[in-house]
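In what follows, chain A forms one complex with chain B and a second complex with chain C.
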Partner chain A sequence: MQQKMKKVKITIQEDGEPKEIEIEVPDTGEGGWGDLSKNTYINRPHVRVDAVDKVTGRAKYTADIKLPGLLYGRILRSAHPRARINRIDATAAMALPGVKAVVLPGDDPAVFSRECRFAGQEIAAVAATTPEVAEDALHAIDVDYEVLPFVVDEDAARDPAAAQVHGDRGNVGEPRVGEQGDIAAGFAAADVTLEASYRCQVQSHIALETHGNVCQWEGDKLTVWASTQGVFSVRGELAGHFGIPETNVRVITEFMGGGFGAKFGARKEGVICALLARKAGAPVKLMLTRKEEHLATGNRPSAVQHVKLGATSDGKLVAYERSNYGTPGVAGSANIPGAPYLYEVPNYRIEQTSVFTNAGPMAAQRAPGHPQAAFAMESMMDEMAEALGMDPIDIRQMNDPNEARRNMVAMGAEHIGWKTRRSAMPNAGTGRIKTGMGVGSCRWGGGGGRTQAECTINPDGSVQVKCGTQDIGTGTLTLVHMVAAEEFGLKIEDIDVRIGDTNYPYSGGSGGSTTAASVSPAIKGTTMLAKLELFKKIAPRFGVEPGELVASDGNVFVGSDPSKSMTWQQATAQLGDEPIFFHGQWLPGYSDSGVPGVHFVEVSVDTETGLVKVDRVVAVHNSGMILNPLTWASQVNGGVLMGIGYGMYENRIMDPATGYMVNANLEDYKVMGSTDIPEIEILRYDEPERGVIGIGEPATIPTPASIANAIYNACGARIREMPFTPDKVLSALAAVKEG
Partner chain B sequence: MADRKQKAAPEEPKAAQGNGGTRFTRRGFLKGAGAGAVTAAVAPAMLVSGARTASAQEAEGVMAGTVTLDVNGQTHNVEVEARTTLADALRDRLEITGPKVVCDRGECGACTVVMDGKLVFSCMTLAMDAQGRKIETVEGLADGDNLHPLQEAFIEKDALMCGFCTPGFLMSSKELLDANNNPTPEEVREGLSGNICRCGTYPHVFEAVMSAAEKMRKGG
Partner chain C sequence: MRNFSYVNATSIEQVPSLLGRSWDDAVVMAGGTDLVGEMKDYAAVPKRVVNLKSIEGLDYIRQDDAGLRIGALTTLTDVLENSAVSQELPVLHQAVSVIASPQIRNMATLAGNILQRPRCWYYRSEDFPCLKKGGARCYAVGGVNTYHAIFGSGPSYIVHPSDAAPALMALGATVHVHGPRGGDEVLMDDFFTMPEMNIRRENILRPNEIVTEISIPKPEANSKGMYLKVRERESIDFALVSLAAQMTVVNGTCERASLVLGGVAPIPWRAVEAEDYLRGRRITEARAESAAEAAVEDAAPMPHNGYKVEIAKNLVKQAVRALAS
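Up next is the complex of A and B:
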């Protein structure tokens, strides 16, 4: 029973150039993960290996790091949405007992500007011996502002006469156009053409641990504890900023309190923390406040979409036109996917622009652009279905080119009782509380790569695996344990896993549903090849080829004759005193990208108060081969719920008169609480032959769209603007009554 | 958002306490001595700008001193200012970092601790007001190496992801089950309505609390 081998192509760096080489690895079959039924860990639920630390309070996050002589940093932020700083005087601040460093605009023009373009922009920073003194020091800095005209509303900002966010550049960016076919001919061929506008609001990320760092210099060497989704991205930015080699910067993220897309790179607050620490000659902790999080650390851009859709009477989509814009604040892009979302339309034209406003800059947020695109497209599909007298599911199935998604729609419909429990007529119920059912779908890419790992097998049998990825709450650390333990036939607790440190081999950022598909193949490849090295040493003792050996259940034995066996420790003892060390990397064949997701939702609408309650969600998801179904389910729950929050409650509210965000907290900015949680049922659509695919993004995308469709089914009111608050529901109901 | 119940902030000051001093809550303190500062903070420059009035600075800064805190059965002497919150005293001074500061104004529950048997937001409680009271944090939940049934259930049901809200959820759950070890699912939701989780672990948290309740009823 010789292990089959296969050749795979990998890219290595040679003399600074990428070079493709071919290596030989064991052939573990389609999807790469072998016969799942024989597994101890992979594809089976396992509790988090760091859960005990998290439930006992022992887990130390960046916010919890304490070092001898630690100072506390704070950032002074612009008090005006648009202003020029004429003079800034920190004399009084520096005189306060306990203040150890102040950095001002002139100290680092790359971080601070005298031109303030949003309320909350970084102006200066202080470090002091206590958080209280640091706060006093902020108050003691005197700033003379020249207040200038501003604009915070994306519609107002499109007016050429509006205040200009970036001087003469204009507030509206270059249009991005995507087109195919002939839309004039397409609409001419349509039997029904619908037009509508949909609006999505700006959403804050609200990771519970705020952005922040602890920075400590020793000479020109910098150690940073960072609340980040990418330790290497922090290292690169800081090394570049301070003009020191990357080898001089070490970034550590052992525990991390959530990211959702806004925690990549050192960012301004990271650079400022390092600046303060260098100037003070002492370690500095700089954690942002909740208000700063809302104002300055990123958000999901708004989207206003004018959509025109044409279909033939049998339900075939023939033409689509969309013009959309949104605001990324002062910088970034508000673009959403540039083709008709999900469905095949032969003729389309899309034109989109980003509109700058005097508000904090956007950042990637869980599936950037997709929830907005899904909301408009999936709402319009329901509207078209009704115009054509079709079932919303039938029109989807007719126009959806993705077979897996069509199957998933059918699976969810069957489970929730679409045909049996849903009224085809909207507003069919009697009484004040009306119930309804809706559906929405999504697609996401994901995929893996960009990860290296090291494995050491010691003569005493102990095994260490190192990888510079980070666990942002998704369970990555547990996955590394599971993959390595499975490969060596050892127990999870037998593997010493180290992650979250740039001293370990490179791994990319944790985002875009790419982490599991990046890290697990790298760990699989590295441990598999390290094991092969061990087998090469001991195969001669059994008189077999290395590929004939199997490691399972704490033993190493000949696959065709398990009586020829030794324990793992006996096997590793053959190494003498030289451990096996293997540096590996991500290998193709164990992961994939591109997945659909489908959410079915049931809601109750109080037609007197306009209050909507999401009662039940059936979430159908597909992650190829699921590594850990327990933590996977948590990810799906979290995605569904963040989508409900975006659809129902969350909204960054900018006051057009003052230019301030009026709800920069957690009370007036509404996130879901325990009494808002519906029943969530998760259906798995497995495709193990595809390998590992991520789940973070697809789990959140379809929720707002499916809720809007359920609200319509419940009460006959079409809500085209998020969030679906009672005022909008009542207005829509009133509009229906007025006909 | 639907009817989220906010937990009560710590009790308002009682007229006279045993030590003869007046007890302050952070909110009450700001209402009184720091009125000028509060007004300034509500002005457009909610973001810090300009100097505060001298009186406000004095009121906040001059009362530094040592307080004795009883945390998880151990007493600690700790240097604080009058304005120092219990959360900051625990975290920054005593390195008891289970309670997390997330919103710093009693909106999210991440800093929740038990004080004299009642839940409080430690970010809304002044350290000096916690003197002479029994403070329990998540660090005191386990009995040595033996985890509390709630901790075991949170692990087993995967009722945590990033874990930053977990200490607060555990303390709220503990108080909930201490008062009622046979709650309905609705009572669990109500009991946890002062805590926010952004990762969205709620469904697993509910399962964990129900499971721990069952175990505790059986004497586990």
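Up next is the complex of A and C:
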């Protein structure tokens, strides 16, 4: 039986311009991944290939890199939220034994500014023979500041009389407006209109591994070990900064301890590390401290949303108005999705602004803008349901245009016992501890592209696959192994996979839940076409067409007559001296974008202490065709936990009087601990015909919203401000008591 | 962390001379779980660190007719796992069980726990030259004071972070101190000092004195105890509010109540008004409520920590009810 072929369009670069061409590839059916029931690896759970290396410490992360003569870098940061540097004197620092290099604002004005706009801004750096000497050197640098007025609170910053973050530009950015229909008519048609304000705090990223690099120059060639989500973006930025060709920069990320959106590009600390290494004439390692992580490496912007929602008495949403702002710190945007989140509302108007403050700049964080949007929308949906005397699920189902999500809501509700175990009346329990149940939903895009790969099949049967993508902890390395092994009918350990290096074929940054959907189709396409090249050499031996051959279980045979067979090694031996080498790229037809997700949560509220405990989470997610259900579930677990952290504990606290972050550590900035973790059940809603879709981001979005709704169901207190700490719960309970 | 010299002490007698007359000269280290953090944050910058763990014989729990004697270097884990503590002093057992994490309890000592320095974020951060570090102001005033004191009237608004100290105080424990002039004994109730007495420290110890032992009298018959602790993050956190309660109840009547709150004042805070109210009274639901009200009568919360008053009140109510039944 001849393998069916199909034509697909791909984009290639020709003379630096993208050009669309058509190529012929095997037709593997809807979703692209064939009959999943016949698979050995794909869509089956597989422990990550580097699990043992990671838990035994054999895996070497950036912080573990040691080179002969390695120096340790540290960055001096602004001691004031707003100041001008009059003079900076590093004489004493340079005189300390062991200090090998100091870089000052004048050394690189593109990196350092004399205008300090937040406490923690980079102003100088040192490299020394030990981390301790480097820290002493920082303390020995004498900076003469002209201290200037500042503002760190987004509400205060909106006042035109407030201190100006960026000269006289104003602290409030240009409004972004999204509208549809006629909101006046919409609200006029509403039987019930509700208004409320919701507040989300600033969240730090808290990757386990801090930002950091090891930089080594040899002449004008630079090698960088980077903790990054995008090796190629680091290469591009460093090549550009130092005016050298990209071919002179090699960036390596073999193992990486998380980024969550804050580790794209070389960033200032990467450029500073390279500057120090060049000036010292020695390799430099520069890993940031946890305090620096909080102050200067990015965060999820705050959101203050004033929402007005109108519905008819039967629950149909007819009008929505939202005005929101948040602070991205000194730079970036605090915008959240610009249409009513999840639900169809015919008439809406949204106006949003970013408010600059003298605090560290925002960075993308796992589903930028979505958890904030979900918190306000899903809280408001529950408030509307109550006002209309409806079940919160019924009002959602009525207004949700997404069929898969409606099915997922029904699936989760059935599983958790929404109708049977949840009290329709809030605050129904007796006694001090009240329990409740809540729901929240999300959407996310994802999708893939921008990935190339190489495959070599050697005459001895060994197979090597190279792709420049980096595994940021999600299991990318494992899925490359799985896709290639499946294609060749070999075992995972038979494939030599190399990733995390700009010397390998290009792949984009790992972000936006796009990595699996970018890398797996590229590996699939490359290995599939490499295999076809091999089959072309062997087919004549069996007197068949190449498309009639099958590679499975370590053999190559004729599909219609498996007795015509040879082992994989016998097949590759036919190559003589010359290996098969194939350079491929991402192909359409194996991935998709756009997924819904739903979380159900059960909580207990201690009404005397205000303490909320998340007891159980049922997370319903949809990733089309799941490559590896084990690493997929890890992403869902991690997303749920990060969402609980955001909803319950985490909060960047700026001291308004001094402009400093008071909890730039992991004691007062609270991330959840292992024993805070509730029971998490994950339900899969499969749509294999859609191919691969990412999961990293959707898994975190709906958690805070569903917790807030569960708290209300438990004790009748509506908490409209995150995180849901005892002070807020007690004051909301007191408000309920007073009626 | 600033560079420092490190000395292993080999006897108690040797320690006062290894220490100096100023806190900036030298400090003692036992488990180090608090001190090392302080040094990393430049809240403590000693020239010399004197290690006490090199002294033999300070790690013991001994029981006699008078009660329990616990050596200063006894780890929290050893206190937690001691059967005399768990059976006869549930208030202490429960308090130690909610301190930090198992890893920290394996290193930290009982004496070190009651000598902990404040966790106040202004005190702990190099950015703030606060009163407790010799500066001019308490940044909690006019700052973010969510976790600060609701009792005492300054000038510093730190809270005492220890869980063991309220329990030991509720049990009427005594601290044994060794200094240049030899040994001395001080009741826990007299050991801690308010900021107006000594802004830089939280107890009576002078720079060249150390704690060698904590002794706990045997609780009287019909006496029961419990420790309640409310933390934002239950896996590991300091108390928002905690309560050590030890009560002697005979036929439903309270003969004696010892109620010490943690996390609410610069020192473990004895709720004297509640204790006085309960003494000699038959415990009823309404009286538990009245005792709770009495406990927070003098509370003067700051703008962000009023919720602590509510929690403190409810903990007293819960404990009185539970111990009377």
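To be clear about the criterion, the second predicted complex is superposed on the first by the 739 of 739 C-alpha atoms of A that agree within 3 Å, B and C clash if a C-alpha of one lies under 4 Å from a C-alpha of the other, contacts with A are read in each partner's own complex, and residues count from 1 in each chain.
Definition applied: contacts are C-beta pairs under 8 Å (C-beta built on N, C-alpha and C of every residue); 3 or more make two chains touch, one makes a residue touch a chain.
Computed from a predicted model, the values in this text were never measured in an experiment.
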item	value
Touched partner set for A:Val640, first chain B, second chain C, both or neither	first
Partner chain(s) touched by A:Gly178 [first = chain B, second = chain C, both, neither]	neither
Contacts of A:Glu132 with chain B and chain C, given as first, second, both or neither	both
Contacts of A:Ile653 with chain B and chain C, given as first, second, both or neither	second
Which superposed partner A:Ser674 touches (first chain B, second chain C, both, neither)	both
Greater chain A contact set [chain C / chain B]	B
First, second, both or neither for A:Gly449, with chain B first and chain C second	neither
Which superposed partner A:Gly610 touches (first chain B, second chain C, both, neither)	second
Touched partner set for A:Pro726, first chain B, second chain C, both or neither	second
Chain B versus chain C as contact partner of A:Ala79, first or second or both or neither	both
Common ground on chain A, meaning residues reached by chain C in one complex and by chain B in the other	79, 119, 132, 135-136, 611, 613, 649, 658, 660, 664-665, 667, 670, 672-676
Chain B contact footprint on chain A (complex, rising order)	47-48, 50-61, 63-64, 66, 72, 76-80, 92, 119-120, 130-132, 135-136, 138-140, 142-143, 206-210, 255-258, 260, 289-291, 295, 472-475, 611, 613, 630-631, 633-635, 637-642, 648-649, 658, 660, 664-667, 670-677, 680
Residues of chain B touching chain A in the complex	1-5, 44-52, 57, 60-61, 81, 83-84, 88, 91-92, 95-105, 107-108, 110, 137-139, 141-142, 147, 151, 154-156, 158, 160-167, 170, 188-190, 192-193, 195-206
In the complex, chain C residues that touch chain A	1-3, 119, 121-122, 124-125, 127-128, 139, 142-144, 146-147, 230, 232-237, 240, 304-307, 310-311, 314-315, 317-318
Footprint of chain C on chain A - complex, ascending	79, 119, 132, 135-136, 608-611, 613, 649, 653, 655-658, 660, 662-665, 667-668, 670, 672-676, 725-727, 730-731, 734
